[in-house]
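Remarks on the structure that follows.
Chains here go by letter, A, B, C and D, matching the order in which they are written, and residues are numbered from 1 within each.
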Amino acid sequence: MEDTLNHDEPGRTPDGAPKKRRRPSAAALGELAPLLGLLLISTLFLVLTEGRIFGPINLRSLTNQELITALVAAGAVFVFGAGAFDMSMSGSLCLTAIIGAKVAMATGSIAAMVVACVAVSLLIGIVKGLLAAYVEVPFFIVTIVIGVFLGALGLLAMGKETVLTISALPRIRDMTPINLGSLASVFLGGLVLFNLTSLGKSCKLVGGNERAARQSGIDVRRTKLLAFLVSALTVSIAAIVILLRTKTASALTGGTVGTDIMVALVLGGMPLSGGPRSRIGAALVGAATITVLNSGLAIMGAGPGVIQGFRGITFIAVVFVASLSYRTRLLPR
Amino acid sequence: MKKAACAIALIATVAGMSAFGQAKYAADGRYPAKTIKIGVETFDPSDGGYMGVQSYLKSLSKGIFNVEFIFSERIDSAEQELQFIENCAAAGAKGIIAYYNVSKGQAVAKAAELKMFYWGTAEEKDIYDQYKANPYFLGSVILGNGDHDGMYGVTKALLAEGKTKFVYANGGADFGITMFVNRRLGFQDAINEAKAKGARITATEVPGFPNEAWFAAQGAALAGDIDAVVSSFGPEVWIQPITAAGKARAVTIGSFGAIGPSTVDLFKGMYASGLFSAIATEPTERFGIAVAMIVNAAEGNAAALKKNGEATREAESLWVITNPQDLAKIVDFELGAGRTAYSKDLTKLVKSIDPSAGNATLLDLIKGFSLETIRAKK
Amino acid sequence: MGSRLGKFARCLAGTLALPALAYCFFAVLCSASGKAGFGVGSDLAIIWRNTVYSGLISLALSFNLTSGRFDFSVGSILILSVILGVDAALALGLGPVPMLLACLATGAILGGLSGLAYVLLRLPPIVVSIGVAMIYEAAAFLMNGGSGVSVIMHPDLPIFARQPTITILAAAIVALLVLLLNFTKFGYNTNSLRGGQATAVNIGIDEKRNALACYAIAGLLLAAAGVISLSILGTMAPKLSLGSSSYMMNAFLPLFLGGFLARYSDRNVGIIAGSFVQACIISGFAILGLSVSLQSVLNTLIVLAFLLFTSNSYKLEEFRMMKAKRLAAIAAREKTV
Amino acid sequence: MAGSADGARELLFAAKGMRKSFGPVRALYDVDLSIYRGEITGLIGENGSGKSTLSSIIAGMLRPDSGEMSLLGRSHAPATMTEGARLGVGMVVQEMGTVPGIGVAENIFLGEEGRFRRFGLIGRKRMIEAAREALRAIGSDIESAAPIDGLDMQDRKLVELAKVMYGDPSLLIVDETTTALSHHGREMLYAVMRRMALEGKAVLFISHDLPELFALCDTLTVLRDGEYVATTPKDEMSERRIKHLMVGRQTGDHYYRGDFDGRFGEEVVLRASEVTTGTGLLENFSLALHRGEILGIGGLSHCGMHELGRALFGEERLMTGTVQHVATGRAVSSPIAAMGLGIGYVSKNRDVEALVLAASIKDNIAAAALDRIASPSGLIWPRGEKAYVEAQIKALDIKCASMHQGVQYLSGGNKQKVVFGKWIGRGCDILVLDCPTRGIDVGVKAAMYDLMYRMKREGRSIVLISEELTELIGMSDRLLVLKDGHLAGEFPRGQGLTETAIIETMI
């Protein structure tokens, strides 16, 4: 039985999926589906909101709204790309913002706030990275639990305060330079780091097949740890932007960013199991799609229930199209 | 100097708009002819009190004002609040009614920047002082410190009934939500006042919102020797447990609550079964005033209602209902014939409809929904 | 007969050891810190009520999570099935038990639909369930204009939180599950699909039908938990923005404890025992008066510690085996030299 | 042994003109096979001779390209193994076929639990009882109520045998199962096979172990390179004759090295001393690899040679002993350390351990050289990466649409070239190859052998682990044979070296 069965010729691929030559159109559809999704939704709401969604006022606010999800999602591409599943982004962002706000209120200096945000976020990133890389544990469930843990720590850090307002910071008249600056720097940095450095390539390979990556001389543990540090960096940038823009932090900061980035990455066409098909662009396209969707629905004034129902249906539709190119015989787990 | 110059310029443009301000009604008799969009911001769309406001505003938009509301989804963080305001601007809204505010002055500044009239958060003195001159800040009708006074009034009513052993459901106080922290302060002030007068009062807290831990805390509290429950987020989740614990007569409930179609017969039933002592409820009519003020401001006549050019900051106390009679009167005012009459009066605030509209009209309307006025009605 | 009795006694002891330990630990801790009332009289009733409530949610999770399928729509099914079921019951003037059956049927249908979406779209369960949760939450909110459902005016309906009905309900459901998992083809298929998905499918086991059944059973269990919550509070309010996923938070510890205790009896009984442990922890914290944030910090640490223990316990065995091999090799070397 | 006295042998199963090929590789070509009632028919042949393909077709695991089969007089073409079993053909294979996480009884009745249903409920007790019976039937005392995970490899194989026997097959196929069994287990299997014959049924027995075959089989059929060679009756069976039939290589295709000059450098480049691995049977094993040497390692598949390969690359946890890179004196402790010392490794199960299937050819080849192709600034510019990969594609003549094509869509041969490209690109001077040419078409095999020879002449060293004796004899300067984790024999390269001599030590 030894040689014939292990043939890789036409017949069975290792995971039992019937291997059919992938028609180029299916591959192309898979790659372009996210952009198609974004285009579709943009035109849909262009019509429904009689062009108001892309009017001068709203265009700038669209970038504001997309920013936080895009920043955190960009860092998450490294973590999900390396095959680790992180559901604790809300908790991480919340704790980072609270500590940053406390430091800003105590010292009144933006520099101190920035340092505090980066330090706390990197610390959280290291803890998660070590757990993912060195400890044998169902990491998926652990991140949910860690998310709750970090949120609770944030609450404890708040103490009696309910909302921290940083009056010391000067009111920044126009946030756009900061928004665009941070968005551009994170994405350019992300593109270079993910596509042109050994870290990025290692993330994709580890996500694709961890054993094969280890046998190609890639330090799997170091890759996972670094992926979490990059993600922590973008979380700290997001926290800083939030504090600069709103001057407030509370136990509810970062509210739904945990699920928003997952929705964004999936709408951006990135498989949540990671691997070579991970793209930094998925974070940008996905965040844009979800923002246009939310903004469009809000502008139509459809009321909270209808908005969320519509978002659920659109989400499943776009995800189905994005994953058309990857069908397995066994139900995915 | 710079501030004053830009204020004058704004008033000029706004005044210019009102040059042709004679009253124009839409086909169906609602005012004004062109639909005005108003954004309504809340922290939790399924909150009982907010749903009462929502149904009141919808009734206004059917009969009286040609307005369309953009109701927000759940808003946790300052980020989401600013995003909602930006979306309303994009939708062409003329005004924002803030049922909830987390980013304090940022929200007012953002609305003004996007040329929308902001109604709300005047109770926070520092924000009010900072923006009272801004033409886009309409201020608000404040219920004093509504949250604090509501719980304070309810606890006082229970103390007056001789209650001494309290359980307090603090809702979101431990989660740092300002509204619930103020409500807890109101409760504690009333209790401490009674203790200062020598009364022996015990008070245990049930933290958070219903989940397994809450069931345990509620059960432990109800098992103890208690005679009163004060809830900061609605009485519904206490009625069944108290009856189940066999303490229907012994323990009475004081709570925040919303007078609405789905809760009226519930409250009447509770009074009948001796379960209820006091309900603190925020009159939804102040949001009717808000709609009228925004419609008026959208036509450039905001200044007419202002006292020496400053945004409105009038206080009126919220309703603390302590007996079935008051409840019946309030219900008639809130839901029955009283509502249609009051809604009609609101149009007096719109200068184009009633040229004599002024600060006095505003004060009369505010007085119009005070508990004393309602009680005085037959 | 002797050995079977002995075996039964050993299994019983194994299952009850951990719960008894947790109960005594908190009883001692509470009385030591001067807070009376833990685990006696009404507090015991509360502990048992929470045990059944969290246990049912954990049982629902166990049918999918153990086969690698994470389900976000757990909370939203719980809420929507009760709202729809009770609305129907009130409209038709049904009694408590028909209401319960209406809710259970609705829950099974909603769970089945969620499973159908997973099977037809063939997407990873976590992704599909986010979409399904959003839709179910929105539907629950849009029913009755967002005010959810209330049975306060119908005191005859919410009878499922008090003794003996809660115990009967729990016993019936656990018995049904034990039966399903250990004595039906569905049960055997579920276990074989979990362990060897490829081998089982090759043998001809229909994975799609099995997945659908798991989702439907999970939906039914969630509806049962929902009815208990309704019976405790008298109302069921909708939640939005995936707020319903908070219902899952207390289900992980019972699930993992259940997996650990399954060796003494069966996974379902193990989960109920695990849920009793958690209920003791929750009541203990409540009586000790810990703040909400401190409680969630401690709860998460307990779950993390247990996860670390279970997923690394095989290493001890492996270490022992390796050591034996090393000694054998060295011994072999001495012999040849 | 129960051939009826008067020679009237009744035909139970017949196969005529069986053909099967996997892409360019021809596995079966016009093979006929007849199996008679009451007889144990032996089947033997080298790796790649097609014996497993034939047995899989009969059992229903594979579909033939062409050819007719008949069983018990009826035409036989099972689509799946379940259908094959229903038609009366049971098969026990080498790989693990049991499902973890459930019990022994559940494994035996996997998919057929309905058999024990009484008024809707499946009686577990009755199933356990029936399972105990099935196990008794094959002479095993394994506890049928126990969980399967508690059993070692051997007992799990016996559970599989019990499952097949419970189906009461009229034809039992045993495909190299004995290698997974210890002596006690084998005795049980032999007893079952003998009883099948006594009961007038039949057994098709595939094995490498000649003494075993001689003891049990009534006839022994030999296959070579997918073609039928001969069938020898019991009395004519001798090792010499069978081995000759197995090997009788026409002198035609000698795509191995032409020379017989087995010399290599004096300097030792890699040394393993007293190595015992965590998994597998390898114990206290030592070897020295010299510069410019092709060191062949042969043996049956469970002899520990695969664990040795991983140990030499630092991917196997060592219980005792060390693997040392002699020139630097450093220990080969991990794949990263090994690669730093210029060691490359081609794993046996290529799609699981050597390639990231979802990634492109470029990503896979560049994966092993991320440090090499990075510019001084640490960035990997596409230009440099493409040039590096292009060189490998050209050097190894990888047939592909473009370097961005996904590896999963390449043929087996081209995939193996990509794996080689990973290590050749890095310029490794020590290469550990584990069954590098398995399941690869002849053309690519020739290119691989040519490459190995060229590397030897360039002074690089190669460890060639293989289950194909002809390949080992054809390519290695020195050949070590392993048996049950220990060295069983050493053969220098030489004209006179024949497979028969090697098989002697291997089995």
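Everything that follows uses one rule, which is that a residue touches a chain if its C-beta (ideal position, glycine included) is under 8 Å from a C-beta of that chain, and two chains touch if they have at least 3 such contacts.
What you are looking at is a predicted structure, and each value in this text was computed from that prediction instead of being measured.
*Asks:* Can you name the chains that touch chain B as well as chain C?
*Replies:* A
*Asks:* Using direct touches as single steps, what is the fewest number of steps from chain B over to chain D?
*Replies:* Minimal hop count between chain B and chain D: 2.
*Asks:* Which chain's C-alpha centroid is most distant from that of chain D?
*Replies:* Farthest from chain D by mean C-alpha position: B.
*Asks:* Could you tell me the distance, in whole angstrom, between the mean C-alpha positions of chain A and chain C?
*Replies:* 30
*Asks:* Once you find the CA centre of chain A and the CA centre of chain B, what distance in Å lies between them?
*Replies:* 37
*Asks:* Roughly how far is chain A from chain D, centre to centre by C-alpha average, rounded to an integer in Å?
*Replies:* 44
*Asks:* Spell out, as numbers or ranges, the residues of chain A touching 2 or more other chains.
*Replies:* Those would be 155, 255-256, 304-305, 307-308.
*Asks:* Quick check: what residues of chain D touch more than one other chain, meaning two or more?
*Replies:* If we look for residues of chain D contacting two or more partner chains, we find none.
*Asks:* Provide the list of chain B residues touching at least two other chains, using ranges where the numbers run on.
*Replies:* 45, 73-74, 174-175
*Asks:* What pairs of chains are touching here?
*Replies:* Pairwise, the chains that meet the contact rule are A-B, A-C, A-D, B-C, C-D.
*Asks:* Once bound in the complex, which stretches of chain D touch chain C?
*Replies:* Chain D residues touching chain C: 80-82, 97-102, 106, 110-111, 113-114, 117, 120-124, 274, 276, 278, 283-284, 317, 319-320.
*Asks:* Inside the complex, what are the residues of chain C that reach chain D?
*Replies:* For this pair, the touching residues of chain C are 179, 182-185, 187-188, 191-192, 194-196, 199-200, 202-205, 322, 325-326, 328-330, 332-333, 336.
*Asks:* Per the contact definition, I'd like the list of chain A residues that touch chain D in the complex.
*Replies:* For chain A paired with chain D, touching residues are 1-11, 13-14, 19, 21-22, 192, 196-198, 201-202, 204-205, 208-209, 211-219, 275-277.
*Asks:* Taking the touch rule as given, give the residues of chain D at its contact with chain A in the complex, in rising order.
*Replies:* Within the complex, chain D contacts chain A at residues 22-23, 25, 27, 47-48, 50, 52-53, 55-56, 62, 93-95, 175-176, 301, 313, 315, 335-336, 338-339, 345, 347, 349-360, 363-364, 366-368, 370-371, 374, 378-382, 406, 408-409, 411-412, 415, 422, 438-439, 467.
*Asks:* Quick check: in the complex, which residue numbers of chain C touch chain B?
*Replies:* Touch residues, chain C against chain B: 37, 41-43, 45-47, 49-50, 53-54, 141, 144-148, 150-153, 155, 158, 161-162, 229, 231-235, 237-241, 243, 246-247, 249-250, 278-279, 282-283, 285-287, 291-293, 295.
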